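Look for chain A in each of the two complexes below; its partner is chain B in the first and chain C in the second.
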Partner chain A sequence: MLTELLQGIEAGGFLVIQDSCSYSGRHLLKSFINAALNRAEVVHVLGFDVSEEELKDGLRTSDTQRLHIHSAYTDPLGWTERPAFTVHQFRLEDLTDLVKQTPHPKPATLIIDSLSWILRHVTPPAVCKTLHQLRKGGAVRAVIGLLHADMHQRGTVGSVCHLATSLIAVAPGAKGDEAVAKITKRSKFRKVMQDEEIFSLNGDFTVTIHSKRSNPEQNWNDAEEEQVDPTAELTFNLRLSDSELEAKKKLMLPFVFSKEKLATLSQPAFLK
Partner chain B sequence: MFTELNSILNASPDSFTQGEFILVSDRQSDASFLIHHFLSFYLRARCRVCFLGLVQSFCHYNAVGQRLGVSLTQAKEKGQLIFLEGLKESLSILIPHENNTEHQAMNFLRDPAVGLRSLYEFVRSGLTGSGSSEEGAEEWGPPVLLVDDLSVLLSLGVGTGAVLDFSHYCRATACSQLQGNMVMLVRCNGDEEEDGDEGSEWLLKGLSHQCSLALHVQGLPTGYCKDIHGQVEVCWRMRQGDGQHTQKKLFQYKVHDKGASFFARGTSSAVL
Partner chain C sequence: MAAPLSSVSKTSAERLPFNTTSFQKKTRSKLISIPGTRPSVQNGQLLVSTGVTSLDYLLGGGLAVGTVLLIEEDRYDSYSRMILKYFLAEGVVCQHELFVAAAQDNPDDIIQELPAPILDDVAIHKPVEQPRLPCEPPDNLDAMNIAWRYQNLPKVQSALASSSRFGHYYDVSKTMEPEIRQAAKFHRFYLPEHLAQPSTTHSPMLESYSALLKSLQEVIHKEGFDLAAPMSKSRNILRVGLHSLGSTLWGDDLSCHDNPKHRHALTTFLYGLRALMRSSLSVAVVTVPSHLIQDRALMGSITRLCDNAIALESFKGSERETNPLYKDYHGLLHVHQVPHLNCLASQLPDHKDLAFKLKRKQFSIERLHLPPDLSETVSRVSRGELAGATSACGSGTSGTKHLDF
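Presenting the complex of A and B:
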């Protein structure tokens, strides 16, 4: 499914690459940038985390006509006098202006490196609102964002990921340069597909898929419907069979006064 | 300067990677010996060093430096070392004198909510060497910023987000703009799982995403040992070109009077 996503995200799509400090998702993000450039798409990169040089390293920078890097790295908070783009400008109007600075007939793909920087300074509802407006607004074709999941509370990560049409969570693999990608993809009809793939990145940021998990395509909805029988492994019977029921009826329990017992007890020898 | 550590990190005062952010962290252990190593290393490499000593006095760092073969007093006189003595500076902020014309680097003490912009201004002027360009002054190599340690800022009431902003700006200036290096120490108490101190854990994660090399010092899992003082995990991140993302190595160490020895696990001379 990773190859499928690299081949193109649907218009209005929002892809989140979720990483942690044990494995950086930036290299996979670069794979997506290169893949988009290969498809002759216009790419705008909004960079907070790393410098423009570091971001450009390994990218197809020959496509200067279609690759536009807006570096907010040097001054993301406006501490110096001439900030290029500050984190507080993360609003629909400013982002649309940014993308439209370089007019191009086709709508562009917006890459955000990273959403974590923005989420540290802008409230999660405001970020989600902007992302939603971007998807629906039409100024950009699709949005791809990097999110350092271990830097935020679970609720914040959840609300951003909930907005995404596709989510790739990367983690280190068992072998040296391998990594595991857990992919969740929501189709237009809200069908949810999940997949887990082991991949490695080559020097030119192309992706090699090594293996898929044994149960590759599992539908979340199916998983919810599939209920486990709670009576499957009981150590006792819930109901009695007919013969057992009969045996139970025949059984005389102590301290239950049958007619015979009562007769015996009421004999004069006992009453004395 | 520890030669064994230099060979592990593949660096020497004559040749070392520029533009690196080295994160030194410790957990239930003391990693300050590494700060002394890097201080003496960069002074020997004839770098211009800006040192934020927030934990100890200048005399302390000078005394340790002399054991490692560098004189901080001389370096300061020559203009190679710019030293911010946090303990003294904080006192002059808290008890202002009339004739006190000290810089306002520690202004955040009055109101931690304002953030660390003034401290960053001090670092920037220290690294770029503005105001000390006297004629005939010696030329120094790439600028280096050393901080001992960032966790103190949290104790002084500064928010984790503000410290991360500060480190981001320092990295943008020291590593990217000036092609120098940066070394920062962070202390974590308690176990990783326990979430003992949320602020410093979050800070460590945030800095781990920013750094290019991480040295994590911790005590031995088996407890105190006279001949092995602990273990240090060396983690290289974002190695470009070879497709490798993170490479980790674990060493055990022993700190001596005038240095430290590093060895692979289980190969201490006391064991073999």
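Presenting the complex of A and C:
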């Protein structure tokens, strides 16, 4: 499902990449930027966490006219004279203006690196409202945001993820460069699909998928097969030998009606 | 109660010429007859259906008019939304008026997604025949030869049947036909359209909630749902559906922090809502994303401010999805509160372990039970085998594994 998402999320989609200190989701975010640039889309990046140079490192630099980075790394709160972008500009009107500054025929994809920085300085209801307006507004085609889940209270993370159409939660994998992505995707008809994939990122930010663990039913079948045989260590016999069987057949059970009983019962002594 | 009485007497007076006897059925004129409602068997409260028949049964027959049903949303809000849509669809079919408020999706979208009613035995009420006149003589019928006496009787049954039945079945795989949908009167409240400027006041109520309450009050007063207002000629029920209250999109930080700033905003709103409902012919369904609300005490007081409270727990994304015990179901349903209306004791559901499932066409609530274990390894002997194996235990088992016991 990760490759499906990389191939493009639907218009009006909102993807959240949720990471923690144990594994950074920024590299995956960069692969999403690269994938969008490869599809000849216009990409606007709001950078708070890392500098512009660091963000551009590894991205396809040939497409610079379609990649617009609004860096708020050096001055996020607007303390100097001419800040490029501040956290207080994270409102629908300002963002629409920002995207409209560079006119393109196609609506752009907005990348937010990261939502955590914004959530530290703007109240969560305001952030959620802006995100929702962006989705519905039509100024941008899709929004992709990075969220450091361990920096916020659980309810805040839940509220932001509640708005998302797709959610990728990344965590370190078992082996060195591998990582586990838990993907939750809501389809247009409100069907929820979930998937878990192990992936690794290459040097040019392409994603290699190693294995899938999608079917919960399959897991269940596996678990059933592993069940131990209940007849393995019994203190009694389950099967009878031939002689035992013979003996058992000979045995007369007390309440079974038989010919002998009928004979006894029909004797005149009984009938009297 | 003046109007229903007079209307009843008027119709009986009109019918008099056709009646051959002076005996008349004693009518309970105390109850207002509104299509799609019925009095409760327990306490005589006027009930409306939620649209889900099994949920009606759980709630003691239906939702009492003037009460609020709280639905705690499941994690992805798919099933709670479905119940809300059922509730609204039932309103459309019964020709009640609707009031839909949402912050996330446009209420028009919610209305468009309503499930299609399965009306096999009754005629669908087309908007063409809007002015429903029960006393209209049936002109297209052939003259009756045998039961000629009934020829001129008003054709009441077929006209009323489409709306007076309590509770309908719906097909969730289809959406309601636009002509049925458009026949319903529908008031909408979409938060982004009502909120011009962000709130700056420090009242306990948020701007969004007070705007919603004001809008609802306006509808109730204007459309004559108020019980205190002089009775108009026909009364109707207003069905209020409020989607995802308490989520961040309503401007509420209830679900974000452990210690929210607007702690009393939602509870204040619910208090006002309940007062409005109690004094009008309306019934409300409120969904709240309770899984996001961290403060259990706050959730408790929200529950107390509603009359009915049910919670949906979807198996999606939890380890229960893979548990074979739950493989027939899509989630669990918890009844947290049932109303105490005009009495001390309330009608409790007879069963506490409830589960819901969404079949291809229908959403239903059932008792949770273990599925019959039909696998090979079961050591239980079925009834048929027992009958055959009375004489000899060994010969009875004819499975693949030969066991003497």
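Operating definition for what follows: the second predicted complex is superposed on the first by the 214 of 272 C-alpha atoms of A that agree within 3 Å, B and C clash if a C-alpha of one lies under 4 Å from a C-alpha of the other, contacts with A are read in each partner's own complex, and residues count from 1 in each chain.
Here is the rule we go by: a contact is a pair of C-beta atoms (placed from the backbone, for glycine too) under 8 Å apart; a residue touches a chain by one contact, two chains touch by 3 or more.
Since the structure is predicted, the reported quantities are computational estimates derived from the model, not experimental observations.
> First (chain B), second (chain C), both or neither: which does A:E246 touch?
Neither partner.
> Just checking: does A:R120 make contact with chain B only, chain C only, both, or neither of them? Give me first, second, both or neither.
First partner only, chain B.
> A:S200 in the overlay: touching chain B, chain C, both, or neither? Say first, second, both or neither.
In the superposition, A:S200 contacts chain B only.
> On the A-aligned overlay, A:T156 touches which partner chain: chain B = first, chain C = second, or both, or neither?
second
> Please work out whether A:V192 is in contact with chain B alone, chain C alone, both, or neither, and reply first, second, both or neither.
second
> Give me the intersection of chain A's contacts with chain B and its contacts with chain C, in residue numbers.
In chain A, nothing is touched by chain B and also by chain C.
> Which of the residues in chain A come into contact with chain B in the complex?
21-24, 26-27, 49, 51, 53-54, 57-58, 73-77, 79, 116, 120-121, 148, 150-151, 172, 176-177, 179, 200-203
> Quick check on the complex: what are the chain A residues that touch chain C?
123-126, 128-129, 132-133, 153-156, 158-159, 162-163, 184, 186, 190-192, 194, 216-217, 219-220, 230, 238-240, 245, 248-249, 256
> Please name which positions on chain C make contact with chain A in the complex.
Touching chain A: residues 76-78, 81, 104, 192, 198, 247-253, 255-258, 289, 291-294, 316-317, 321-322, 324, 377, 390-394, 402-405 of chain C.
> In the complex, go through chain B and note every residue touching chain A.
It is residues 117, 120, 161, 164-165, 168-169, 172, 176-177, 202, 205-206, 208-210, 237-238, 240-247 of chain B that touch chain A.
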